[in-house]
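Here chain A shows up in two complexes: once beside chain B, once beside chain C.
Moving on, here comes the complex of A and B:
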């Protein structure tokens, strides 16, 4: 699947754009009406007769998901507003308009104005914010970047187009969203292995720690968790990285250190480095959850019935330990996302996290803003999925209507 | 057995006991209500529990030794002269630990002993100030959050929003915005204090809120309220002993976590390069252009700062856990 096409969809022609707009209006109107309807039903204002439809709409899980999505939208909006304001609080003109001796003061002003306008930093703050927010909304819209005072270049886009602005430093990046999506696959390659390692090692570790509580496995595991929690993340990234380097110096080539998008073995080194923190987190939660379950009444009852320890562990307790799995998947994803800023700089991977580091160093605030907004959306969505998945997986949450 | 049974006195015999063997003391209503147990003192039990934990004692020892060196280390004898390559116009070079430079010198020729302890001084000062601010804010906000029920829905939304936003990125953005700290160490210090305490109180506040709500609804507290305890009794005797454990753990673990975020912030250029801190020393030692040559020729520039950092953070962290264990009244018997 070509990710780049997904976010920077341009409309083919004017009629295509018109139909897209009509569809989007219909979809938005439908969504708004549906939400109002559901809220009214849940507050017992309409549709008071007890039908199957009503029972579905007033289902606690359904309403909970809806509320959770609402608060996720608020989070994204706030993250957006915060980053936007923070960037505009500094003197951007002095950053992007270096002093030029060849121009008179008036020419310099004109040149600087034009430059700011092409980056999208002209106009009042509220105007800028509304434009930026409108450009991010995934609806068909017209995106204009001005070339000079009179002419602007406009493009009509289709559904699901996020326009995150264009780079302030690099003319080869007209669409930040597109740039992010070309770099994401690289981050994804080692990130997927990272998450797999976290789950494959973290889960059994947590289960064994709970099963042999206060025995050797548990003590080793606890020490490991304490070490990972206490030591700064960056330090153990450095230490593992230097361990790999030391192996190279000793001429032991387990995996290549230079990242290559086409070579699977080269994805392993960053994945292993990054997975240490995630393993500790998953093992900690699984152990804690399993211990809670082991001491609960139904396990004591199963033991009293004379079931074997293994049967209790794998059929009764593990069923409940699935609940944190739904959470740990998303936390694994998040830890991978935020580890990536350091990991990708260390292993010089041309990915999503490396992009942020570059942008911070070159003071390319438009890219910083784009990356922040994009990571905020990713993390909010993954927390959202985690919460809803946990509500579904948790057997204690009743699926019957209230 | 049968023999014994036969020797049992008749029922009548119970009534004609020897009265001179007994003494009548009357009715004492006070003693009726009291249950006598071994005397219990909260803080005595805390100390007993803490001294039983050998690893925690070791951690306290490590913390004290490191604190001693952070305070007095920079005054000690290791030479502060730069080491340079002979010839080559004084190009800096790293030297192995010797009697002159106790920890050797770094890749830029600076004395590591001085760098590490001065850096630790700065890092610990920063961590301490940030922790104090975070603890103060966390306790205050968490207390109000737990007590005032009307505040709860709003605060829950706020904490959801904050935990959803990637805070490290927000920190970087704020760093760019704050008044330029290049060359100004005091400004850099207060900038990072501001950044780290912006959202740092949230963890403590939400734990406080959860614990207060849980404890308020426990039977012993409801019974105490029903018997007419004053609010200061409820706070001092019912809530506080149960909260001390959690608060103390959070407070002590703030210090390693502050050092952690300092290391990350320095990676993103929070401080001018002239400001020595533990994070700065680490980041220079492990920087991409140094690491390969350091591993081959000067491994001490990597491992001495790393070991000091690990000892400091792990000792503080484990000590915090031990204190949390010891101050938990449920574990005292």
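Moving on, here comes the complex of A and C:
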């Protein structure tokens, strides 16, 4: 599946583009009206009769999510503004207009001006910000994406949704959004397995450490957690990496080292390498929250009720310990999209993790900006999900603020 | 009082120890006591006297570092003191001996619906299916006087007030029709009006179900209202026991005198409240003689050397003090207690429950 086509919807011809504009404005108008409608219903101004539809619209969880999405948009806007300002502190002209011997000084100036204008880097800061903001808004637009060096004429590309900008240096990355969406699945492939391993081993480890506190399991677990915390990640990454290499030398080919997006078994080696730290973190917190709960009064009462220890542990205690963990769980799932620079460098994975690092090294600031904005959007979404997950896990959390 | 009554729990020479930081402590020291079927047996004493630990041995709920060092607890033909594993306890705990704790705010699992927490016990101990258990849960809530139980059964604990939560806790405790109900300071965390409602609820339920109640409290006002017999604990021992009348009108042990003297109701306007000087004994190491002797202004030389035996005062009334020895000088209890009999005689006997409203917490002598 072509992620790029799906998400940027570049229109091939003019009539398609016209239709897209109409459709998108209808969608936007519908969304705005729906939000106004929901707000009015929730303030008891319209639709006062108690129907199933009304109950759905006024459900605390639904309205809370809506408000949360609203405030998430503000957060994204702020993140965007800050990155924008930081990037503008650099000398972007020298980055975007590398010296060109074919052109006369006048042609170079003209070409460079046009290019800077086309990517929204000319004019006052406010002008630039509005251009950038307009570009990433998910509405149809035509954007000048390449400049003829000699005539300084613009070749327009039509975008249906976001335009995050284009790379200054790397001609293989014409559009940043496209680059992100080709690299993201690679990071997700091993990241998802990483998270799965963390959960499958970390949770039971934490539970057993809490259940047999100060016994052998607990002692081994604690030692493991302390070791993982104390040893720098890079060191054991390399240790595990060389272990996998050694396996290959011994002709045990269960963990292919070269990452291949189509070969599941090749996703395992990076996932296992990276999961060690995550297991320690999850086990640590599960143990902590479980112990918190074990000493609480309702556990004593459950014991007095005659429930068996296992039953108390796996229903009553675990259910309560999951509440604070439900937050971290959903953020963990989103964070596995981001990948890790070290792991991806080590296993030569063309993933999202290395993208920012490479961009900084090559001073490709538009990519930095694009990646930061994209990550901000993902993080805000993940926190939104985390909050809602927590609210679902704990009935005591009220959605009605104040 | 009838003397030949059926014994429910018979405790013989029970001693309980704890190991803490390498120190061995004797928290319960050689208690012998019979608790009769259907009675309300109150255990009073200041904090740290061992009253909670004593009853925890009936359900095997001692903390991990606690152990029964000697003695036996006979209950329905079994010696509970010999139980080792959790498995042995499961048919007793919750099913035959139920416990309710001090703090109703935290006794219920905050994330499970009230209904589920009651149904859990019904399904486990009475083998009901989901539907039967739910119907029974609603019925139990109705019996503990929760209004609108069909609806409230679906609520979470945080939607209930403290008094209502304690009612739910009582409903859970009584779900399996236990023979013994241990109430570990069930009203301490509640305000005074709710206290009296809970106490009368326990009394009413006891009348219907005929279970034995063991009532732990440091509130002598509550004791006067609810108990048939009272045991006073100090330093891990029962130092005096008898009927409510025995303890309130004819207290014999200097500690009981001191405890009663510190009832705030007895203080006269403008005068200081009476309190017991000093601190409860430390359990580390052996206690020589009478544990209360260092704080006892009536203490004799022998009190520091040799522990007093249980002296029989009447068929129902026993006390552990050398003052009852024929050789001891005759000492009169403090004046303030002599007034006590006259002061609360009428209220205790005639209308015990309703006096709870007026009485504030009494007799937490130690602070």
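Methods note: the second predicted complex is superposed on the first by the 254 of 402 C-alpha atoms of A that agree within 3 Å, B and C clash if a C-alpha of one lies under 4 Å from a C-alpha of the other, contacts with A are read in each partner's own complex, and residues count from 1 in each chain.
The rule is short, and it goes like this: contacts are C-beta pairs under 8 Å (C-beta built on N, C-alpha and C of every residue); 3 or more make two chains touch, one makes a residue touch a chain.
Owing to the predicted nature of the structure, the values given are computational and were not obtained by experimental measurement.
Peer 1: A:319 contacts which: chain B (first), chain C (second), both, neither?
Peer 2: It touches chain C, and chain B stays clear.
Peer 1: Which chain makes contact with more of the residues of chain A, chain B or else chain C?
Peer 2: The partner that reaches more residues of chain A in the superposed model: B.
Peer 1: Pick one for A:90: touches chain B only (first), chain C only (second), both, or neither.
Peer 2: first
Peer 1: Report for A:288: first if it touches chain B alone, second if chain C alone, otherwise both or neither.
Peer 2: Neither partner.
Peer 1: May I ask you to decide whether A:230 touches chain B, chain C, both, or neither, giving the answer as first, second, both or neither?
Peer 2: first
Peer 1: Tell me which partner A:308 touches in the superposition: chain B (first), chain C (second), both or neither.
Peer 2: second
Peer 1: Now for A:110: first (chain B), second (chain C), both, or neither, which partner does it touch?
Peer 2: After superposition on chain A, A:110 lies in contact with neither partner.
Peer 1: Once chain A of both complexes is superposed, is A:78 in touch with chain B (first), chain C (second), both, or neither?
Peer 2: First partner only.
Peer 1: Scan A:394 for contacts with chain B and chain C and give back first, second, both or neither.
Peer 2: In the superposed model, A:394 contacts chain C only, not chain B.
Peer 1: Let me check the overlay on chain A: which residues of chain A are in contact with chain B and also with chain C?
Peer 2: none
Peer 1: Using the touch rule from the top, collect the residues of chain C that touch chain A in their complex.
Peer 2: The touching residues are 59, 61, 86, 89-95, 98-101, 103, 106-112, 120-121, 124-125, 156, 158, 169, 172-173, 176.
Peer 1: Give the list of chain A residues in touch with chain B in this complex.
Peer 2: Within the complex, chain A contacts chain B at residues 71-72, 74-75, 78-79, 82-83, 86-87, 89-90, 226-227, 229-235, 238-239, 241-242, 245-246, 249, 337-338, 341-342, 345-346, 348, 356, 360, 363, 365, 368, 371-372, 375-376, 379-380, 383.
Peer 1: Give every residue of chain B touching chain A within the complex, in rising order.
Peer 2: 157, 160-161, 163-166, 168-170, 172-174, 176-177, 256, 259-260, 263-264, 267-269, 279, 282-283, 286, 288, 291-292, 295-296, 302, 306, 309-310, 313-314, 316-318, 321
Peer 1: Spell out the part of chain A that touches chain C in their complex, as residue ranges.
Peer 2: It is residues 296-298, 300-309, 316, 319-320, 323, 393-396 of chain A that touch chain C.
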